[in-house]
Structures are given as structure tokens and as C-alpha cells.
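The structures come next, written out as C-alpha cells.
Below are two complexes that have chain A in common, paired first with chain B and then with chain C.
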Partner chain A sequence: MSTNTKGLRDWIIQRVSAIYLGLYATFLFVYLIVHPDLTYQVWQNLFTLFWFRVASILLFGCLVLHTWIGLWTVITDYIKLPIIRMIVQLLIIFSLIIFFIWGIEIVWGIPLTWI
Partner chain B sequence: MKFLIYRYNPDQDKEPYMQEYHLDIPKDKDMMLLTAIEMIKEQDQTLSVRRSCREGVCGSDGMSINGKNGLACITLLSNLKEPIVLRPLPGFPVIRDLVVDMNQFYKQYQSVEPYLQNDEPEPAKERLQTPKQRAELDGLYECILCACCSSSCPSFWWNPDKFVGPAGLLQAYRFITDSRDTATVKRLKNLSDPFRIFRCRGIMNCVSVCPKGLNPTRAIGKIKSAMLKRDIQDQG
Partner chain C sequence: MVNKERPVNLKLTSIHFPMPAITSILHRITGVVLFFFIPFLLWLTWYSLSSEQSFNNIKTFMSLFSFRFFLWVFISALFYHIVAGIRHLFMDIHIGETLKGGRYSAWFIFILSAVVIILLGIYLLIGFNFTL
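Up next is the complex of A and B:
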């Protein structure tokens, strides 16, 4: 038997993505502390780094999954009418896809450096 | 002493209302809330309430006491602020006054198959456990099914038909962790959809109200860990 069903899978995804979101936020927090005189140029340079770009896109992915699982839980708790639930779910999926693409575009829209 | 008690008789009342009662209780005298309710019933015999053992064993008189679920028979009046507001267990259909319909709660309890299952040949005498194996059951078997926990759980309020609830899950773990039970895999599988256990968000209302001091949230966490371990084993 495998317990690897939607319940367990969602639960793991939500926890793993939360850890990643926490690590990313901690990194940004530390970065802001060690750069007290942060200029826009320095801030932009951070996002030109390839590894940070990948890390940021991974962040968007985690954010999308985390948000979807969380909101799906809230919706199935509070919205009981199937048609309204379906509409709200579609709106959320649509918004999350837009945010994801938009995020990639922002991060990838600036010139790339490899180190 | 002032009491505000939820009243609702579906045969007569259009909607529920709160009724005020007064009792003269000497300042130096303390008693259990259930005794006070019995005295109120002498004033007004139409008030409905379930009770039996009057010592926190049968779990019949679970109710919302000043907004927190508990057993009237083991709640001291001196620990309560006036007016004492009594309501039926939240989230459960009201049959009348403080009496609620527990059917859904029992159905969920039944769904976890709360009895020992063992497919090995029966031993001549009994299935033995080490003291350590027996100790695993402490904090699990003591549940009296008063429903104070499940009735304080928002996840159970919104999905009582899909989410097992803290009481049922505590019992599920009681058999999952029992060394004599061989149906562990089946039991874990039975809980593995997104609702039956995973609807628990760990807010621990169940822990804060349990009149027996049990910890369903911990049991739920252990079931989830067991599922994860089993899954890793299956894949590895």
C-alpha cells in the first residue's frame, strides 16, 4: 500500500514550501542587515545573479503551491455552494498562474550575470 | 447567582433564546455546575440536559460553559464568572435546550474502527505487551467521548461529514500504536485523503478543552508522522 495520496502529498508540499519561503525570507532579511546603505543598483545586482534568479523562481513556485493548498483548504471549509466554490477556485488558479509568469518576467527581465 | 441558559424546543420555539435563572447559593458554599443545573431544573422542569454519572466518567454533560466546552459535573461554580452562560456543544445540531444530536460524531468514531484487529493466530491465553508497549496507550485510551474536543474544532464544524475530528483521531491513533493491532496499514490508508486527518490545522482547541487532559493534536501529529514513515518505506 502507499499512503502517498493527495492528503499526505499536499501536507508535505505545504511544509517543504513553508521551509523554503522561510529560508528565502531569512536570506533577504540578513542581506538587508549586511547592506545598511542599500542602493537600487546593489539591490538590482542581487537579482542579476544566476543562482539568485533560480532561487527566486523556485520561491514563486513554492509560493504558488503553498497558496493554492492553503486557499483550497479555506475554500472547502467556508464556501459550500459548488458553483461559487468552482468560480473562486478558478479565479485563484488564474491569479496564481499570472503571478507566477509575471514574477518570472520581472526576475528574468533584467540583464543576467553568471556569478 | 445568575445563569443564562440557551433554550430551544423545536416543536414550540421559532428560534433559540437565552433564559435567565437565579439561584441563592451562600458565598462560602461551592458546588459543581451540574448540581446547580439540577437545582435550576427544580425551578423549571422544562429545561433539558443530558447527565448520568456526575463524576466526569460518562461524558454526557458536555456543554459550552462561559464560551468554553467542558463537563458540567466536574466544573466548580467558584471557577466561573457571573453570569454563567450555558449553551449546547457548538456545531452540533440541537435536539432541545442543552441536548445535542451526537450521531455525526459517533459515525466518525465508528469510521476509524475503534477495536483491536489482529489477523495472527490467537495465542492460548492472551496477547502480551511489554510495559513500554502498554505505556504507548497512555493518554489515548482514557477518552470518554464527551465530544468537548470535536465540538470546539472549527475543522469539525465546517466538515463534520469528512473530517474525523479530534476524538475519532485520538482513538485511531490508540489502535495504530497498539503493538497487538496488525491493521496499521489499513488504518493509515483509511485516513489518507485530504479531509479525514489532514483537515486538522493544529490550532489545539481540542487540547485546551479536553476535560480528561488528553492531547488529540499530538496523536494527530503522530499519525501524520507514521504515514510519512510508511510512505518513505514503501518508496525506498
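Up next is the complex of A and C:
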């Protein structure tokens, strides 16, 4: 049962995370377009907002899952030697964990505003 | 005896991957490229938020060709990856999943991305301002 549902689970995670990543990217794009003369105060203020902090941490989570499923698929297709594939997979997992912690550190480093 | 009906000459210019195969491999390539961009974007986010001085430094980076080229590659890869991803999402809900539909949509996203990437290149690399 678990091996049968793993593919479906990955399939769903890949698509749900894709939609979230796309929406977040669109938001940031629109934000930068409507703020052509962005200042440090305005930019920093965005990251002090509680909802944006939650949205950003959710983004890092989606990014890690989406990247892992995508790269896993690509690696499984092209790297045939099991030992090399395993090493590359471990390197990717290691990088993604570092990126996730780093992302949270960045968002956490800024004072919080409850708005 | 030699079979005279066998194909004697392969026209190499007539052999190519179908467009859906090309857009699919590009989706994978841009995905891998975007993975390598993650640390740079995290650094950029961190640097832009660390102080007013560093935030203004990024604005100065914007005048550097190398930084603009970096942004161009990133935005191009991201745009293509998103557009090709949306195409797959449509196919998941059974829109355009026939052979014909798949070919049309593959050409559509390919041309759309090419136009956007070229225009973005003109804006970022040559410095042409599209606003009137």
C-alpha cells in the first residue's frame, strides 16, 4: 500500500507546491513592479509583517519539497550507477536542509509586527 | 543481393525531436538551473535585509552587466519553468492532452518564452527602456 501511494503523494505535493511557488513568485514580481523606487524601510517592513513571514516560511517548505521531487525524478532517469545516484541524492538533501534553515534564519532575523 | 527498397540516405536535417520533447527537456534543465540559483537568491534576500547600506549596494549592482546577466538567466529560467509547469497542470485536468493539443501548446509556450526572454534580454542586457 505504501509503495503504491508514494507516487501519488509525490505527484500531489509536486503540483500543490508548484502552485504555491508560482503564486509567491507572482506576488513578489507584482510587489517589485508597483514599488519601482523601493527603499530599505519599505522592503524591510514587508518582512516584519506576520502574514508575510508565515507565507515565506511556507515558501521555503514548498521549495524544499518541490525541488526534492523534481531532482529525484531527473536523477533517477539519468544517473544509472546506484552509488553515484545515492551520493548525489545525499548532497541534494544536505543542501536543501541548509537552504531551509538559512531561509528561516533570514526571515527570523527581522523584528516582528503583528499586523 | 542488396535490398533496393532499404532507406539509403538518412536526411539528418529532417530528424529532430518533436516540440513536446524539447519543451519537456527544457523544463527539466531549467528546474536544475533554478536549484543552483537557490543559494544566490537566499544570499540576495539576506543581504538586501541586513542593512540600509547593503540594500543600496544591490541597487548599485543593478548597473553591473554581470549582475544584470545573472538576473536575466534567473528570470528566464524561472519564467520558462513556470509557463511549462502551467502547461502540465492544464494537461493534468485533461486540457490539451491530445497529441495535437500537446504539440500546439508546446509550440505556444516555446514561442511565448522566447519572446519574453528576448525582450527581457533587450531590457536587462542592452539597457533599452520600454516605458514611453
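Basically, the second predicted complex is superposed on the first by the 111 of 115 C-alpha atoms of A that agree within 3 Å, B and C clash if a C-alpha of one lies under 4 Å from a C-alpha of the other, contacts with A are read in each partner's own complex, and residues count from 1 in each chain.
Simple rule for what comes next: contacts are C-beta pairs under 8 Å (C-beta built on N, C-alpha and C of every residue); 3 or more make two chains touch, one makes a residue touch a chain.
This one's a predicted model, so the numbers in the text were calculated from it and none came from an experiment.
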Inset, instruction - Kindly classify A:G109 by the partners it touches after superposition: chain B alone (first), chain C alone (second), both, or neither? - result: second
Inset, instruction - Answer with first, second, both or neither: which of chain B and chain C does A:Q44 touch in the superposed model? - result: second
Inset, instruction - Using the superposition on chain A described above, determine whether A:G22 touches chain B (first), chain C (second), both, or neither. - result: second
Legend entry - Partner chain(s) touched by A:T67 [first = chain B, second = chain C, both, neither]: second
Inset, instruction - Figure out whether A:D10 sits in contact with chain B (first) or chain C (second), or with both, or with neither. - result: first
Inset, instruction - Could you say whether A:F99 touches chain B, chain C, both of them, or neither, answering first, second, both or neither? - result: second
Inset, instruction - Would you sort A:T76 into first (chain B), second (chain C), both or neither based on which partner it touches? - result: first
Legend entry - Touched chain A residues, chain B compared with chain C: C
Inset, instruction - Sort out for me which residues of chain A touch chain B in the complex. - result: 1-8, 10-12, 73, 76-78
Legend entry - For the chain A and chain C complex, residues of the former touching the latter: 15, 18-19, 22, 25, 39-41, 43-44, 47, 63, 67, 70-71, 74, 92, 95, 99, 102-103, 106, 109-110
Inset, instruction - Write out the stretch or stretches of chain C touching chain A in their complex. - result: 28, 31-32, 35, 38-39, 42, 45-46, 48-49, 51-52, 55-56, 78, 82, 85-86, 89, 92
Legend entry - chain B to chain A touching residues, read off their complex: 154-155, 158-159, 185-186, 188-189, 191-199, 201, 224, 227-228, 230-231, 234-235
